[in-house]
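Worksheet: the structure to be examined is printed underneath.
Residue numbering begins at 1 within each chain, and the chains themselves are lettered A, B, C and D in the order written.
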Amino acid sequence: MKRFVALALCIGVSASASAQVAPDPDDALKDDIVTAYRILVNEGILDSFGHVTARSNKDPNVFLMPQAMPPALVTKADILEVRVVDSQPVDPKGRRVNGERYIHGEIYKARLEVKAVIHSHSQAVIPLSLTPIKMKPVVAQAGFLPLETPNFEIREAREAGGRGMQVTDSNRGAALAKTLGPHPVVLMRGHGETVVGKSVKQSVVYAVYVDINAKMQTQALAVSPKIKSMNAPELFDEDEFDINRPWEHFRQKTLDPAAKAAIDRSQFGLTQTQEKR
Amino acid sequence: MKRFVALALCIGVSASASAQVAPDPDDALKDDIVTAYRILVNEGILDSFGHVTARSNKDPNVFLMPQAMPPALVTKADILEVRVVDSQPVDPKGRRVNGERYIHGEIYKARLEVKAVIHSHSQAVIPLSLTPIKMKPVVAQAGFLPLETPNFEIREAREAGGRGMQVTDSNRGAALAKTLGPHPVVLMRGHGETVVGKSVKQSVVYAVYVDINAKMQTQALAVSPKIKSMNAPELFDEDEFDINRPWEHFRQKTLDPAAKAAIDRSQFGLTQTQEKR
Amino acid sequence: MKRFVALALCIGVSASASAQVAPDPDDALKDDIVTAYRILVNEGILDSFGHVTARSNKDPNVFLMPQAMPPALVTKADILEVRVVDSQPVDPKGRRVNGERYIHGEIYKARLEVKAVIHSHSQAVIPLSLTPIKMKPVVAQAGFLPLETPNFEIREAREAGGRGMQVTDSNRGAALAKTLGPHPVVLMRGHGETVVGKSVKQSVVYAVYVDINAKMQTQALAVSPKIKSMNAPELFDEDEFDINRPWEHFRQKTLDPAAKAAIDRSQFGLTQTQEKR
Amino acid sequence: MKRFVALALCIGVSASASAQVAPDPDDALKDDIVTAYRILVNEGILDSFGHVTARSNKDPNVFLMPQAMPPALVTKADILEVRVVDSQPVDPKGRRVNGERYIHGEIYKARLEVKAVIHSHSQAVIPLSLTPIKMKPVVAQAGFLPLETPNFEIREAREAGGRGMQVTDSNRGAALAKTLGPHPVVLMRGHGETVVGKSVKQSVVYAVYVDINAKMQTQALAVSPKIKSMNAPELFDEDEFDINRPWEHFRQKTLDPAAKAAIDRSQFGLTQTQEKR
């Protein structure tokens, strides 16, 4: 599952090299989206399906989403602009974005502070989503979770006579956003999860720890029904979790040996960085 | 378990390069069989044993099956023609096909619409096959499953005084085909599974998702006996599941870096492709 | 865990290339021992500990065992001769063999037909060995197992006031051999397993399928206490299981790409080979 | 998760090559710390977080700890000296050490014989730490464990109104050291584990076997509540467990092919080495 990603090194060079065009305020954001895909494929969270999006820095009514394609192969050139209002591409250029883009659009509509959304079919959370047991925060690094994570039941959201498990229109997307509520994560029964954050980095780190938390809870429950989850004083305060360390760790795991050797080591351990653990 | 398969690049070149022979209508089918072996070994579904076959495009009474050999090493040159009527090779050329070829022959005989059959000893489904619990569809992408997947019990099919777990004659094959019924999958107690499809691609994607579905159900049941499976409106309509995306994903995972770099990216996101999720 | 083993290609060449020495009747056996180590490390059955031995072709009262060393690094030159009678090296050459060599010596003493012994600390069997539940044959390829596999309890074998879990003298070795009885496998509570066979190849294939069988039984039991194991007519007759196919499969997984490319493909599917499934 | 670590080859050369400086008594210790990081990342015990420290050979009131950074990238140059008395760096050089350094400082203060401390967020122990079930020694190589391993409950240690799961001050560190008591390991509910030893090597081998032991116990408990753990005569005597073999095995797994080929094989099987199993 782990792959070296030589491509990561050459990202973001070409645009600035050519002359006098105004810099794209979404350029770094697109880099983060591509890195997010690399990380989430490498960590086994994205496979054939799943998608990462970010709200545009240029226009909060637009989000950035790759065309429909295998997650492992996404590059900046694949990223299109999509309208929050109706989840349709601003200019499709003859390309499609994913049929479940309504997940993203409706969450951006309902949660103005959300800057990034990840939808995945993670095998770590699906078993728990099938049971009547709620995911609870059990692992220290998952202190961003609420005391109970909601589990979206598509049957309650489907139109009369409706079919399928997918969130393929605005109504279903809005129902998912409602179940998500103010939380960073919503499980989706038999389907996977959707994670949101204030940045692509934050949502990626959250997605990885949602996976770990679900795995730990599931494995503990197979041993004993009486497991102890974290209580309110054990959850994170606003911005308490410095996500830079795990983001860097996950990112470095995707690098090829040459890119690894080129890591800027002077950044480590600086007293001014906010490193909490 | 993941291996780069450089061989995949050179497949299908030699035949057309030599002069004026009529093209083999089964040529592309044989390519798909070889790719299917690569994918299923890479995904951990085929190991020392297991086989993939396809009904010939030239004669519906014939199916294509490799000679008895390690799944990881199958090439087009290893593929023989086998008669549906009695599961014997048309022209063995001094080679044997697998002793469980009757699985394939009897299913092709009973199900005229079936174009491909996969038999595997997958470790993801065996635990469930040992229990009285039926596999149910629990994962969105496994919506091709029936509400309950049959589990073949060889004891009921064995001739009086018969021995063994293997399907090594036409009677046992016919009994398996009967248990399979109209479904795409039949588990085999303590043995593995058999998956059928309208194409090699479809059967491969189904086989991978049968594995994932069985794993998710097994892990959920270890936590709680009350798990929720998909209901009828959540299952796929005919051809609702576009298997091209996961087929491409699984195929690309088997490629070496050079073959990966050569992937035709212009195909992604085209509006005319049927991409449902 | 999977490693390419380029060394395997050059084994067995040097001795015959030099002149006029009588061929060593144990030469091919030593090759098999080295290959067995490669396979069992690659399959995760040997780690820091564990050992593979074979009865000498030259003298049934002697067995071949590597000096005490990491399993992953064993070569032919590391293999010493050890006496069956007391499990002491014939000529230690200043080297030690493993402290648990008594496992091997006492089994060779008690079971004259046994030609190879594998002792491992396999994590697949240990959980079952801790429970009161006996390992039963549940997977078709484990039809060499008895209806119940014995589980060695060192507490019953320890001398008065004795300590430890290891089989470090002849008394403990003899007790283990007694618990093994006429079977091919004995689990060892909290410790691992010992597998015997008529050849190195057979014992290796048995060891891998003991692992798979234990895993499948354990995972099934986590879902339901009512699992169905194989009955007598489903077990193998004498020599019914052709172990060449899985041996070749496991061996090929240890090869580097060049060695893989050099595999003799003309051997596949020959009608004269005994290929049962 | 397994990575080749070419860096390991060049460690420890540069200092002695330059002229006439007194050798650093902590030089070999720092090598061991770096190797420990390589091993524990490779074995999946350290990920984004976790740290290895050692008590200085120069001053027992000082311990060696890397600056705050990704565990996979630690080199000797990253290691700082930290005071046992207050867990503050002797000379921070503008760098920070980890916020949980109090774990280490307080244990070195309470346990004078302890020479190395490892704190990790191991996913193998967390499930058990969430349940009311104590970790017990169940695997032969974990005979260094007590009959019950303590499980640290931060709620009992937190100051009134205190928050969080982390051990980020001396009070919490002292509470952890108290729960650890005279043992080599303390689990930490929902957080991970802390392992101590008489050397870096010992603590590393202990940490790996704590993981294996926890996994085996957890998997066995999923099958049956009646599992048998080791009793007092089955635990290790002082120094009974020769940790050199597993240390070497784990170390060699981190080496690249060239470094592997350069392993000094003349050390294997020497009669004078204390090889117990």
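Methods note: contacts are C-beta pairs under 8 Å (C-beta built on N, C-alpha and C of every residue); 3 or more make two chains touch, one makes a residue touch a chain.
Everything quoted here is computed from the prediction, not taken from an experiment.
K.L.:
When chain C meets its copy chain D, do both sides use mostly the same residue numbers (more than half shared) or mostly different ones?
P.N.:
Both copies touch with mostly different residues.
K.L.:
How many degrees of rotation bring the Cα atoms of chain A onto the matching Cα atoms of chain B, given to the nearest 5?
P.N.:
Superposing chain A on chain B takes a rotation of 90 degrees, nearest 5.
K.L.:
For chain A and chain D, let me know how many angstrom lie between their CA-based centres, rounded off.
P.N.:
33
K.L.:
Need the CA-centroid distance for the pair chain B / chain D, whole Å please.
P.N.:
The mean C-alpha positions of chain B and chain D differ by 46 Å.
K.L.:
Two or more other chains touching the same residue: where does that happen in chain B?
P.N.:
Where chain B meets two or more other chains at a single residue, that happens at 222.
K.L.:
So what shape is it, when you link every pair of chains that touch: line, ring, star, complete or other?
P.N.:
Here the contact pattern is a ring, one closed loop where every chain has two partners.
K.L.:
According to the definition already given, which pairs of chains are in contact?
P.N.:
Contacting pairs: A-B, A-D, B-C, C-D.
K.L.:
Considering only the defined contacts, which chain C positions touch chain D in the complex?
P.N.:
1, 47-49, 66-73, 78, 92, 94-100, 121, 123, 126-128, 130-133, 154-155, 158, 162-166, 168, 189-192, 218, 221-222
K.L.:
Quick check on the complex: what are the chain B residues that touch chain A?
P.N.:
2, 138-141, 143, 212, 215-217, 219-220, 222-224, 226-231, 233-234, 237, 240, 245-246, 248-250, 252-253, 263, 265, 268-271, 273, 275-277
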